[in-house]
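Heads up, there are several structures right after this.
Here subunit A shows up in two complexes: once beside subunit B, once beside subunit C.
This part shows the complex of A and B:
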């Protein structure tokens, strides 16, 4: 599959778009960018882009309808008596809700039909078999447009924001479509909100030298992560996840570690390319990662990993559910019964359950993804329930929770839990994930490291060394960022020759140590199918 | 001045990057066409060690080409010089690059393209890598950072290792073709094997590159039960006609080249063994010599060192 790391994108498509964008007059530039985005979509998904156009039309029209309703409401409220205003507002809210539901039915309907129907039908058939009902439906198979899960959430965020009056619905169809189809965001996000991006793209300001240089560095940094680490470990990951039964627990753990490493480098590397592309144009795209492996808890991890998805779920699922009247009432009762910590925890757990079920299913139509969501739900809820006794324990034994060693322990514990979760995520199915986990525990052994099995996975010692050095380099950059250092800003302040040397060095390191050409199979974009 | 201020950093960056890539290219390129020097396809590149313009016929392609013809055999029997530049699992974009390299060092009378390679799939990415490797060999040799030798830091590439087998891959194994393969081998058909647009483009490019240098081109299909079909034959025949080059399919010439698929193959009908190669050379040598008017160099002292004197060593290799 083509990726943002491919030659087609980096050396053909991107230069042509940059050049066209820079030389065309402003009035044409935005349509050129729109055409480039749809051209890219067509290249990836062919006629399936019509589904995307349908979603754009749907949210544009429903957005306009919501805007009209709000304008009508404001006019009516202005003209009405004070006593009638509440009723008018309530009536308008009800009508708006129906339009929002319609938008949800259309957008999520397309997503569910194309992506989840085979999963549901397959499970229904299984249920019928289990119940002895002799009805078996044909499991359909649909071609799914690239990035459907990303642009569906993005489209719905627009509708919700219009409903909640956080923004005014856009009358300009092309501006809305440009935001929903902007080519760097198509495959793996991040899920960008309309309010922060649409107008900026629509302004189509000229490319500035500083933005371009910094964007280019960010792109090269992403390519480095993907080609040196993610692609290099691919053969070992493939082998270990396919034939895990041939290896002992140590190798299964290695599989989990390598995949976690691969996924982070692939996903965050792609996001670096995406954000770097935006930066070259002068557009600030939302960050999707904030040094996730410095997290001390699973909750914190999810506020640093795939940030745009977490924010979407928090804003449009968790908060509305938590603030719903039934849950508010329940919170009140629980608070009275279980106290101020555990009371609200019970009700927030209900909202969290919905969030993590959605999160798991969003990642893919499969039980392993649902399990992945439930695994993190269980960890977060357990963490919240255990927080008071842990604090009490630490205080009782004079353990300083701000101490470096204690924080390091928390980070390693979180990383370990995440790694185990990723094992289920990558496993061929939930059954295989459970078997891998069982093997990792029951056959825990370091024998495979002693007898050299770990060097027979399509990676030799030099491969492990270069992967480790690159991970170390990324760790140092992350550490600098964590401490608030603006790495690229500092580098840009250096003389031109130093900047040229940095660019040249990055390109050289990628071409020298990248895993490409004969003998390597690059990893497909892991999140592109979501 | 403002314009210059914008342009200078761009050119400086490009120049510095190119310089660094050149440096690592020199470092990673094997310093000789020998396995010991880290060359993965040393045999195919042995023509660089031959005196300039001393080769009459070059054979390009994948493993089918380097297992079906032995240049030493042709020289011994028919007197003209040839070289097999075939590389295992090669693609047309790589063959095109090889053709460019050959034409840089030699001016042969004939360039033979073995047709199995025409159907090997490849992408624009592969093509880009192949072209980039011409300018920055690190693109091809990047994995050599793992096995750099002391000489890699102290010397420049100099391919002077004269290959005894002239690119031929010898094998005396006999591993007969299974009957089910023989049953479907060259079943008559009017259909055509699909050919990718990029492959067609490269095929035309190779022919044009050779023509520009006044080198004739021959499309040739070597016998292979596993790889060859009538569909492929039809496609190659069409392409040859379009390009105006001759096409010879040895799979159809069972009387002239009587391959016994129980004895003349080393790997179940995929490639020929030494006996199969000899049958091909026995017919192809005289035919090439006559058709293309190739000169007989036997007895010419200029060819003693690299050809006549090496024949005995060659016989030892293949026996």
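This part shows the complex of A and C:
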């Protein structure tokens, strides 16, 4: 599959789009960008593009209907007596809700039909077999448009925001479509809200030198992460996850660590390329990562990893559910009974269960993904449950929770829990994930490191050294960012010759140490299939 | 507003609510505390806070919370 790191994208598509964008007159520039986005989509998904157009049309028309209803409501409220206003608002809210449900049925309906039907049919067949019912349905197989899970959430965020009057529905179909199809966002997000992005893209201001330079550095940094680390460890990850039964627990743990490293470098690297591309144009795309491996708890991890998905789930699922009247009533009762911490924990656990079921299923139609969601749900609820006794324990034993060693312990613990979760995420199936976990525990051994097995996984010592040094480099950059240092801003302040040298050095490092050519199979964009 | 400060200090006493302006952005209040706080504010001020108002800017400081409360009281 083509990725944002491919030669076609970086050396052909992107330069042509930058050049065309810069030389075309402003009046045509935005349509050129839209055509480039749809051209990119067509290149990746062919006629499946029509599903995307259907979603754009759906949210555009329903958005306009919601806008009309709100205008009618405002006019009616203005003309009505004070006593009648509440009823008019309630009536409008009810009518809007029906349109929002229709949008949800269409957008999520397309997503569910294309992506999840085979999973549901397969499981239904299994259930029938289990119950002794002699009915077996043919498991269908559908081609799925690229990034369908991303643009569906993005489209629904627009409908919810219009319903909640956070923004006014757009009358301009092309502006809305541009935001939903902007080519850097298509494959792996981030899920950008209409209000933060649509108008910026539509303004199509000329490319500025500073933006372009900083954007280019961000793109190269992303390419480094992807090509030097994610692609280099790919053969070992493939081998270990397929043939884990041949190796001891130490190697299974190595598989989990390498995949976690690969996934972070691939996903965050791609997001660097995406955000860097936006920056070249002068658009500020939302960040999707905020140094996640500095997190002290799993909750914090999810506020730093795939931020845009977490924000979507929090805004459109967790809070609406938690604030629904039945759960609000339950919160009140539980607070009275269990106090301010454990009371809301009961109700938020119900909302969190829905959030993590959705999160797991969003990642893929498979039990391993559902398990991945439930694993994190269990960790977050357990973490919240144990928080008060842990604080009490620390206070009793004079343990300073702000102490560096304590925070380091928390970070390592969180990283370990995340790594174990990623093992289930990457495993070929839930059964294989459980078998891998069991093997890691029961056959825990360092023998494979002592006898050199770890160097026979398609990675030699040089590969491990290159990966380790690049990870160290990314760690140092992350540490600087964590401390509030604006790395690219500081570099841009240097003389032009130094800036050119930095760019040249980054390109040289990619050319020298990137994993490409014979012997390497680049990893497919991990999140593009979601 | 004094009552709001009391509620906040009862709920999570370790912060200076007269000074803090990034309670949500700096992860000082988590979603559990926010849910408990909303429940308490609704009871205390006889208001209903809709889900759409649960955004960081409404809970980042005591002043922002007070603005939200007065807005919802007017809407009653």
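Note that the second predicted complex is superposed on the first by the 530 of 530 C-alpha atoms of A that agree within 3 Å, B and C clash if a C-alpha of one lies under 4 Å from a C-alpha of the other, contacts with A are read in each partner's own complex, and residues count from 1 in each chain.
Just so we're on the same page, contacts are C-beta pairs under 8 Å (C-beta built on N, C-alpha and C of every residue); 3 or more make two chains touch, one makes a residue touch a chain.
Please read these numbers as outputs of a predicted model, since none were measured by experiment.
Visitor: Just subunit B (first), just subunit C (second), both, or neither: which does A:507 touch?
Guide: Once the two structures are laid over each other on A, A:507 reaches subunit B alone.
Visitor: On the A-aligned overlay, A:11 touches which partner chain: subunit B = first, subunit C = second, or both, or neither?
Guide: In the superposition, A:11 touches subunit B alone.
Visitor: Figure out whether A:499 sits in contact with subunit B (first) or subunit C (second), or with both, or with neither.
Guide: In the superposition, A:499 touches subunit B alone.
Visitor: Just checking: does A:442 make contact with subunit B only, subunit C only, both, or neither of them? Give me first, second, both or neither.
Guide: In the superposed model, A:442 contacts neither subunit B nor subunit C.
Visitor: Classify the contacts of A:460 with the two partner chains as first (subunit B alone), second (subunit C alone), both, or neither.
Guide: Only subunit B is touched by A:460; subunit C is not.
Visitor: If you stack the two complexes on chain A, which partner ends up touching A:209: first (subunit B), second (subunit C), both, or neither?
Guide: After superposition on chain A, A:209 lies in contact with subunit B alone.
Visitor: Where on subunit B does subunit A make contact in their complex?
Guide: Checking each residue of subunit B against subunit A gives 6, 8-9, 12-13, 15-17, 19-21, 24, 28, 89, 124-125, 128-129, 136, 138-140, 142-143, 145-146.
Visitor: What does subunit A use to touch subunit C in their complex?
Guide: These residues of subunit A touch subunit C: 164-166, 299-300, 303, 314-315, 318-320, 322-324, 328, 331-332, 335, 340-341, 343-345, 347-348, 384.
Visitor: In their complex, what parts of subunit A are in touch with subunit B?
Guide: 6-8, 11, 209, 213, 460, 462, 496-497, 499-501, 503-505, 507-508, 511-514, 516-519
Visitor: If you look only at subunit C, which of its residues touch subunit A in the complex?
Guide: That would be residues 10-11, 27, 30-33, 35-36, 38-40, 42-43, 49-52, 54-55 of subunit C.
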